[in-house]
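Next come two complexes, and both contain subunit A; in the first it sits with subunit B, in the second with subunit C.
Entry: the complex of A and B
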């Protein structure tokens, strides 16, 4: 890499003070560093257990260029295996989903059980001299170096020395429950919709982490048409932004005076779901809604898993239905990202609610979503500009919420029931938090 | 449903084919309110997510997840949005061309008023700005056209897109 250490140090110093050298959103050298120092080390989301409910079910997912089979083996355990034959390196599974007891390499028919172990090898005696020449015992597709599951969310890390997933999630686990543990049944995922956008992967991750400031303008059209009442600036600026562990997110301020059940009804949850939510969430989690009066909306878990929870109007009668989406910003290159967008819903929710929530999702987010359409237009445009020469002379101001001396313009919320640090109103605290983690990874040469 | 498509000379086939061509003209001139007028009030407009599966898997699209799964309310909202001053992704607008071909019409004998199943292929060319590469979206369509007093109207459309990973930045367009 012809990227001098001093150059990198200067870039990271700028990023850490909230003045972002614009070229990081379109720079192949930065992307090479992200590949080696970030994606080869961090916990990365792959799939949810509800996508592989039965023995033999599998999905194939990537961490950048590395393809992994995520399978439920014959004992019911989740296995994540590098999708490359031990012999000549062919992909042993070329479908993206299905059900199989074995994976057979098309090249020479080496065959693996769905737990990864090598079980078949043609002409073992004649070609290899049997077990003496090539002992099959203990041979297996390479397992993911580290595997962690939380609320059914399956993460891997390419770094076997990574701290355990639960430790990594830290205080963000508190917020993750609002999206993925609304009842003891947990969440079920559908999809993903997959599409490629000519945008740098970081922009979406930062946006979901904390950009409440873009909502009133970028998404003005959805307010214009009466699809979602909340994004207008007068309401958006009352929301809280929180930073917790490796994650950060945005919230909306709920109407004053509501109790726990009333606030959930306000965002469209039916009566029958509310007792399970009350039982599934801790006193602190309930208090965030009932006492602090905030409802989670967009969030990002570093590095590239984002979540969103909104509650649009889904029919002429004015029915408000909330939806949840998980989305991953899968880098293809410094200027292209594959978006994977799942619809998520409480597995125990009534059928009518699942139908309404799915409709709400499709109208708002995903490949056709009316929010997401305008987001991606911004991100593609930024990426296009970031690849040029002038972008190397421009530092993007990401200091919102700070004085010139680097102090918050107002104190953190004193009564916010969630862990971490929260500020009410607009600010770029969350994006800077995300970028600090990014900087820490990029400067670590190990 | 007749098993064989109507002959190309059949007036019903010609009317169905002309419907699709007129519809494409409305979409390519961004006359979306005109397009809505071609839809039945009970329209279902579907585009399942296609997936890569083994030949023997028995499915190659997701039964419970689409790129679109729209009723009239949802389609009206999309059209209303494009008509606001704030639908940034289509301002400046894409230049689009819907190429419609491979049209086959089947008569549904059982239904009154008359309904026709019309299969077609559509290739959408979409160009934005002056520096980006243009996008192509290729899809098959299975439409249900219903005879009404005002002419044929679209009662159902299922779009079978030919990519598992779309190569267009969003679906702020109709197929």
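Entry: the complex of A and C
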């Protein structure tokens, strides 16, 4: 890499003070560093257990260029295996999903059990001299260096020395439960829809982490047509922004005076789901809704998993239905991102609710969703602009919420029931939090 | 054994590694299950007792069978597919 250490140090110093050198959103040298120092070390989301419910079910997912088979083996255990044949390196599983007890490589037919162990290879005796020449015992597709599962969310890290997943999630686990543990049954995922956008991956991750400021303008048409009553500027500026552990997110302020059940009814949850939420969430989690009066909306878990919870109106009668979506910003290059978008719903929810919630999701997000259409045009344009020469002379102002001296323009919320730090109103605290983690990774040469 | 083509429902089962066709074949006095692999033309006819015996097996049996991943290697004049 011909990126001088002093250049990098200057870029990171600017990023840390909230003045972002614009070229980082379209710079191949930065992307090379992200590959080596960030994606080769972080916990990265791959799949949810509900995507592989039965023995032999598998999905194929990537961490950048590295393909992995995420399978439930014949003992019921979740396995994540590097999808490269031990012999000549062919990709063993090429379908995105399937069910198989054994995987047979397309090239020379080396065959593996769905726990990764090598069981057969053609002409073992003639070609290799049998067990003497090539003992099959102990041969296995390479396992992911580190594997962690939380609320059914399957993460891996390419760094075997990474701290355990639960330790990494830290205080963000509190917020993750709102999206992935609404009842003891957990969530089930549908999808993902998968498509590519000509945008740098960081832009979407930052947007979901905390950009409540774009909603009133970028998504104005969503309010105009009556799809969603909340994104008006007057509503968004009442919301709280929080940072917690490796994550950060936005919330909406709920109407005054509501109790726990009333607030969940307000965002469209049916009566029969509310007791499970009350039982599934801690006193602190219930208090965030009932006492602080905030409902989680978008969030990003560093580096590239985002979550969203919104409650649009899905018909002319004004029926409000909440939905949850998980999405991953999978970098392809510094100028292209593959988006994976899942619908998530409480596995124990009534069928009618699942249907309405799915409709709500499709109206807002996914390849046809209206929020999605609005957002991506901005992100593509930023990426194009960032790749030019002039972008090297521009530092983007990402200091919203700070005085010139670097102090918050108002104190953190004193009565916010969730862990971490929260501010009410507009600010770029969350994006700076995300970018600080990004800077810490890129700075570390090990 | 004889069967009337099209009389029995046919189950096609596939994944990215192979595809098989499974059908019941009536004989004069009973029935067997025929498993055909269209790509190789190989087939096996299993009687109910053989099928019951399969239910006693774990996947270890199939791992052992798949030690030669594209079929028998010792049949003269019967080159396994993929060995060309």
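Assume the second predicted complex is superposed on the first by the 446 of 446 C-alpha atoms of A that agree within 3 Å, B and C clash if a C-alpha of one lies under 4 Å from a C-alpha of the other, contacts with A are read in each partner's own complex, and residues count from 1 in each chain.
To be clear about the criterion, a residue touches a chain if its C-beta (ideal position, glycine included) is under 8 Å from a C-beta of that chain, and two chains touch if they have at least 3 such contacts.
Quantities reported herein were computed from a predicted structural model and do not represent experimental measurements.
**Student:** Determine, under the contact definition given at the top, whether A:397 touches first (subunit B), second (subunit C), both, or neither.
**Tutor:** After superposition on chain A, A:397 lies in contact with neither partner.
**Student:** Looking at subunit A, does subunit B or subunit C touch a larger number of its residues?
**Tutor:** B
**Student:** Considering only touches as defined above, state whether A:113 meets subunit B (first), subunit C (second), both or neither.
**Tutor:** second
**Student:** Now for A:94: first (subunit B), second (subunit C), both, or neither, which partner does it touch?
**Tutor:** both
**Student:** Now for A:363: first (subunit B), second (subunit C), both, or neither, which partner does it touch?
**Tutor:** first
**Student:** Check the residue A:407 against both partner chains and state whether it touches subunit B (first), subunit C (second), both, or neither.
**Tutor:** It touches nothing on subunit B or subunit C.
**Student:** Thinking of the overlay built on chain A, is A:380 touched by subunit B (first), by subunit C (second), by both, or by neither?
**Tutor:** In the superposition, A:380 contacts subunit B only.
**Student:** Would you sort A:102 into first (subunit B), second (subunit C), both or neither based on which partner it touches?
**Tutor:** second
**Student:** Could you say whether A:121 touches subunit B, subunit C, both of them, or neither, answering first, second, both or neither?
**Tutor:** It touches subunit C, and subunit B stays clear.
**Student:** Residue overlap on subunit A between the subunit B contact set and the subunit C contact set?
**Tutor:** On subunit A, the overlap between the subunit B and subunit C contacts is residues 94-95, 98-100.
**Student:** Quick check: in the complex, which residue numbers of subunit C touch subunit A?
**Tutor:** Residues 15-18, 58-59, 62-64, 66-70, 73, 80, 82-83 of subunit C touch subunit A in their complex.
**Student:** In their shared complex, at which residues does subunit B touch subunit A?
**Tutor:** Going by the criterion above, the answer is residues 47, 49, 51-54, 57, 62, 64-71, 73-74, 77-78, 80-81, 84-90, 131-132, 164-172.
**Student:** So in the complex, which bits of subunit A are touching subunit B?
**Tutor:** Residues 94-100, 190-198, 217-218, 220-222, 224-225, 227, 314-316, 338, 343, 358-359, 362-363, 366-370, 372-374, 376-378, 380, 384.
**Student:** Quick one: which bits of subunit A touch subunit C in the complex? Just the residue numbers, please.
**Tutor:** Listed in rising order, the residues are 74, 93-95, 98-104, 108-111, 113, 119-124, 126.
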